[in-house]
Amino acid sequence: TGSINGSYRAEFEKFRRGLVTEFLSWQSRIVREYLRPEQFITHNFDFAWRGYSYGVQPAVDHKKASACLDIAGCDIYHPTQSRLTGKEIAFGGDLTRGLKAGGQAQASTGGQSLSDGTQALGFNGQNYLVLETEAQGHINWTPYDGQLRLHAFSHVASGASAVMYWHWHSIHNSFETYWKGLLSHDLQPNRAYREAKTIGADFARLSPTLTGLRKQNQTALLVSNEALTGMAQFPLPSGFPFGAPRTDYNDIVRLYYDALYEQNLECDILFPEDITRLSEYKLLVVPALYSAPDTTLAAISAFVEQGGHLITTFRSGFSDENLTVRHTEQPAGLNACCGIRYDEFTEPADVALRSDVFEVAAADREASLFMELVDARGATVLAHYEHPFWGSYAAVTENHFGSGMATYVACLTTPAYTRAIVQRAADAAGLWGAEQKAAFPLVIRYAVSAGGAPLHFYFNYSGEPARQAYLHGAGRELLAERPVAQGEILDLEPWGFAVIAEE
Amino acid sequence: TGSINGSYRAEFEKFRRGLVTEFLSWQSRIVREYLRPEQFITHNFDFAWRGYSYGVQPAVDHKKASACLDIAGCDIYHPTQSRLTGKEIAFGGDLTRGLKAGGQAQASTGGQSLSDGTQALGFNGQNYLVLETEAQGHINWTPYDGQLRLHAFSHVASGASAVMYWHWHSIHNSFETYWKGLLSHDLQPNRAYREAKTIGADFARLSPTLTGLRKQNQTALLVSNEALTGMAQFPLPSGFPFGAPRTDYNDIVRLYYDALYEQNLECDILFPEDITRLSEYKLLVVPALYSAPDTTLAAISAFVEQGGHLITTFRSGFSDENLTVRHTEQPAGLNACCGIRYDEFTEPADVALRSDVFEVAAADREASLFMELVDARGATVLAHYEHPFWGSYAAVTENHFGSGMATYVACLTTPAYTRAIVQRAADAAGLWGAEQKAAFPLVIRYAVSAGGAPLHFYFNYSGEPARQAYLHGAGRELLAERPVAQGEILDLEPWGFAVIAEE
Amino acid sequence: TGSINGSYRAEFEKFRRGLVTEFLSWQSRIVREYLRPEQFITHNFDFAWRGYSYGVQPAVDHKKASACLDIAGCDIYHPTQSRLTGKEIAFGGDLTRGLKAGGQAQASTGGQSLSDGTQALGFNGQNYLVLETEAQGHINWTPYDGQLRLHAFSHVASGASAVMYWHWHSIHNSFETYWKGLLSHDLQPNRAYREAKTIGADFARLSPTLTGLRKQNQTALLVSNEALTGMAQFPLPSGFPFGAPRTDYNDIVRLYYDALYEQNLECDILFPEDITRLSEYKLLVVPALYSAPDTTLAAISAFVEQGGHLITTFRSGFSDENLTVRHTEQPAGLNACCGIRYDEFTEPADVALRSDVFEVAAADREASLFMELVDARGATVLAHYEHPFWGSYAAVTENHFGSGMATYVACLTTPAYTRAIVQRAADAAGLWGAEQKAAFPLVIRYAVSAGGAPLHFYFNYSGEPARQAYLHGAGRELLAERPVAQGEILDLEPWGFAVIAEE
């Protein structure tokens, strides 16, 4: 892997990911020879690790590697205490839920459809197993009261049909001594164990309702291992493979994912193999798709032309699947649907965004990392750069194309600015309502039970008590076992939650 | 040494320290065959290095390795100019002084007692040689006027019977060119040389009084190479051997040592081999004794039961001598005498200490690095954590056990808070008086001359002049050669000092 | 190169530089066998790289290696946008211009004098080729409007007879993808390309005047590969080869070069081989000449004795050509002409300079990195250290010696303080006038055309418009093709400039 040729190194990374896919597929075939009807094959995928489960896994192509499984599985670890947000639980779940989704697509690529074993358990193609998650976690993650319960039901709300802990008791020797289990080293009942017992009791009682959930999201986020690797080889802002990048592909993915999450815009996470399913969605978010074949870019453009709403960003379309920079006008393949062009870019220094459209506090208007100097030929400029020399170039544009609309973001925006951009596009796509206004730390998640009942999860990701009106049809709160009327105020404890099944 | 198995690596470190002990012992036996009666064997031990002599040496077990010597020796280097505190001189001296102390213990372990040569020189078992210390030091340490004299007499006050410099003249080539000797590169008489000449003249005159001093401390600090290595393998706050630890064992040792030093509570530094001598002391400080056999913990507990005062901290007792975390209630082996238990811990984030007992400025109440969530079953809580979720747990406790008392500190406290904790325990042990109130930068040290005269050293570790009442019996100041009455005000120059022999 | 013996390593570095010289010389001899009369040999030297062309190249002795060339060449890269200063263009040019200068010296060392080919092109010994410089540069260096033109004419003002770009179009693959050429990846005419076309048109029109310029500077700056390597082996402030030095030789060279540049004191950069030419100059600046033979120090001293003005600094003269620290009084070889001595030094901590001579804002009076404790025996003290213990030592001194004057700077001063020191010495040397007062960002450069016409370049290195009186004899502005009277106000655009030929 030691080469200054980034294109070559990215190809080698793809080759290595292919070895993982081949190996798992070979293992799966061997196991499958001996599989009893009630048994199934899963695998414990993990995520890009940044001290916790952060983003798309660079070393494995989860989509391709999961073709040989009956049901997807993953491990998810994340901060707790006052830094608990639920973002990693949701991101990991939204990604893993999609690995076996799209049965038709699965079949066409030779993938494995649901085994008898998983069907017997009531799982559908969207369900997955949390094969590992933190109990007491490591030293920084000793959970506050209620957080273990919040974790568990948040996994369920994403479609998980099981939650398993690492691990039963804390280890007394060698290495993971301080990655503590449900029991501490003294093996006595303790605070975490007592809280876990309540989770087990609730799961035992509610499994008929909570197992085999289906999600019906209208927003999708497209991620790509090729874009990830490409950005890693030509990292921003320098474009040279020296030093650690300040902001990598996963940071940009998470910037947009988190902007969705914080506004209760639930999404499915798609891989390039899912490009045939774009018509299922109203809003498509495509962050920094630095490397992609013509077909992918054409499918995204067609999605817009046929009425979809697209948000895409700087770097999308720039190079092809071999990391060769395209010779054509940028953003290549997306210039027509976005209605723009550029051939210059730089790192912003003291650059803010100036806009008549977005109402964002001055401190949140900074452009950072990278800015394309966009000529908004046909598009409407939503924000310009505020700078003595770059002021004439566009930073954010919007373009009607066919019966759809494309939003282009030419620089790295702040989280608050990104939320404003996402809000505007979601509104145009008809996805902005009361749930979205009830923003983080109030997290609302939606699923349909195997029995067909709409389920609404209201999570309070905060150390303060929360009051929130119940926004949906009359139902029954499953934990307290009491009726809830539409508009009724839900009182949520710190790190508390409610699960209401419509009746 | 490349293993993620911390227990295994700690054992290997112990094995390597054993090789040093064996090698020195073998060398000593060879030399001893040829030793003339007036000759003796010493060795130049150095300390954990952090740009200067900082703490317990991790690569050598000084206690075990010194068994083959006639007299202990060391080199001590430290900052000067406005960062000169005398702490390293005192720490290195207090540690080295104890290496050959406890004659009975020495004999029982096959150690070498005082040779004829050292006896002829008037040394007792506590004396040691400073075989190297800085002259002009390196570029940052060019001493101010008077500092070389202050260094020299501070070594003497700890029990040193010789002070030798690195080195005669500065080197003109190769490597240690900027570790300057008494002479600069031009080999001419200079400022440092002229000051050193006065030291030599004073030593020549005062040696009958200053050689072979005896110390009679009532406070002891217990250190351990096994605890040091254990903490290094499972470093705080993460417990994982990745990255440099923010705070290591020696930092915690020095936090407590410095709290003693800054309050003129002179101490002897003990190793686990000295555990049989605990009854000689009134106050025992045991910081972070992460790894220890049952016998050591039992001896500490018995010390309290029999009337001793103990201060111990987080991590003490946690694992045994093989770095296996104990399966029993924590702090294992000390839970009874401390009257507490815990099974959870975390890294404090925005956690302060709340206390009705300790009067410490708000800025100095922070808990950092690591906090055990202590259940003070039988103990008196001296300080709680100030935090929305951890507020019910104890941070500092005090417990009467037998006829003694044990103070437990469950988190890393600030220097000011640590001083307050130490003060309270020292007061309870009957060790708090006028000398302690005359705190750093006024440093008072005590010794008894070979002739039996009490000697009082008053050091002004400051660039400002100091005035301090002489607190002891009428005597004679040895440098100025003039009588001093009790209560008389001593005028000390910047970096100046007085040495008074009671008459 | 792995040795703690810094003297040995420096010798090895010198050996490696010698290999480069030998290799280029051998290559040159081969090529020269086939050279046609109109052809010539050049080479693309680059500079010490700190993200841009920063200082003296440590791996090549440019002076020695250029002996085999017909004309010197270099590549120069530097920040643009609001960080564009022209300093690297000027430094690289002033250094490269001197590589083939001093024909007599060249001949005496077996060097190559101007070939027929270069003479045919109208070049004199001072001219050089900019064989590479940035077009759009990398991501941070996308130029503002006008900056490419400013770069090009700044190279010309230093004596460059050609400016070539890296490179024609941006690369689509592999490595230097983001080191962009005149064309972007889409290969279409763009902003940079259009500006470059105007440069080409102006060069085509003005080449008869701008090719083969001669410079006549009265100030020289002496640099040395041996001093550079020596300082790298014994880096400040520690003197030990551990960690990256905070401030290296090139930082000190650039501190003084920039102080000259910012005050429009144009200089020639000399190497030790040029020591025979000192009498051509009125003011000689010798920063940190840590390693030098007796002959070099004697020549510098003689320059002063014979009426020259010298500025030299801490570390000069300290060691000989073998990096052996001199046994004699410091600054060795310069103590007599500077009228001072010292044998101690340290790193300043909270040390400022106190002076009745230099009027510098309080914030700019800090001494940093390293300070020699100078005893100003015969010299006038211009600044003392402001410090409780070092206050009696001199920081900056001035000494009349023979018919000249020597200024000694014993510590690292701030840029503002350094400018004040340089101003005072330049004033004493009769070099301080209206051009010098018109300081940076207004940069005035002077040359004589091949036809003998004085040429004055007025560069506005600023994003703000500038107004500056034309200070020289009536002439003709070459770009606008209009007459300019002495005293007439020149209106310069942001990053704009004027070139006036006296008539």
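When the chains are written out, they are named A, B and C in that same order, and each has its own residue count from 1.
Keep this in mind: a residue touches a chain if its C-beta (ideal position, glycine included) is under 8 Å from a C-beta of that chain, and two chains touch if they have at least 3 such contacts.
These figures come from a predicted structure and were not determined experimentally.
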Contact-graph separation of chain A and chain C, given in steps at minimum: 1
Angle of rotation relating chain B to chain C [CA atoms, steps of 5 degrees]: 120
Interface sides of chain A and chain B: same vs different residues, half threshold: different
CA centroid of chain A to CA centroid of chain B, Å: 53
Contacts with two or more other chains, residues of chain B listed in rising order: none
Chain B contact footprint on chain A (complex, rising order): 81-82, 136, 138-142, 144-145, 170-175, 177-179, 184-188, 190-192, 463
Residues of chain A that touch chain C when the two form their complex: 4-8, 234, 236-240, 323-330, 343-347, 349-350, 370, 373, 388-389
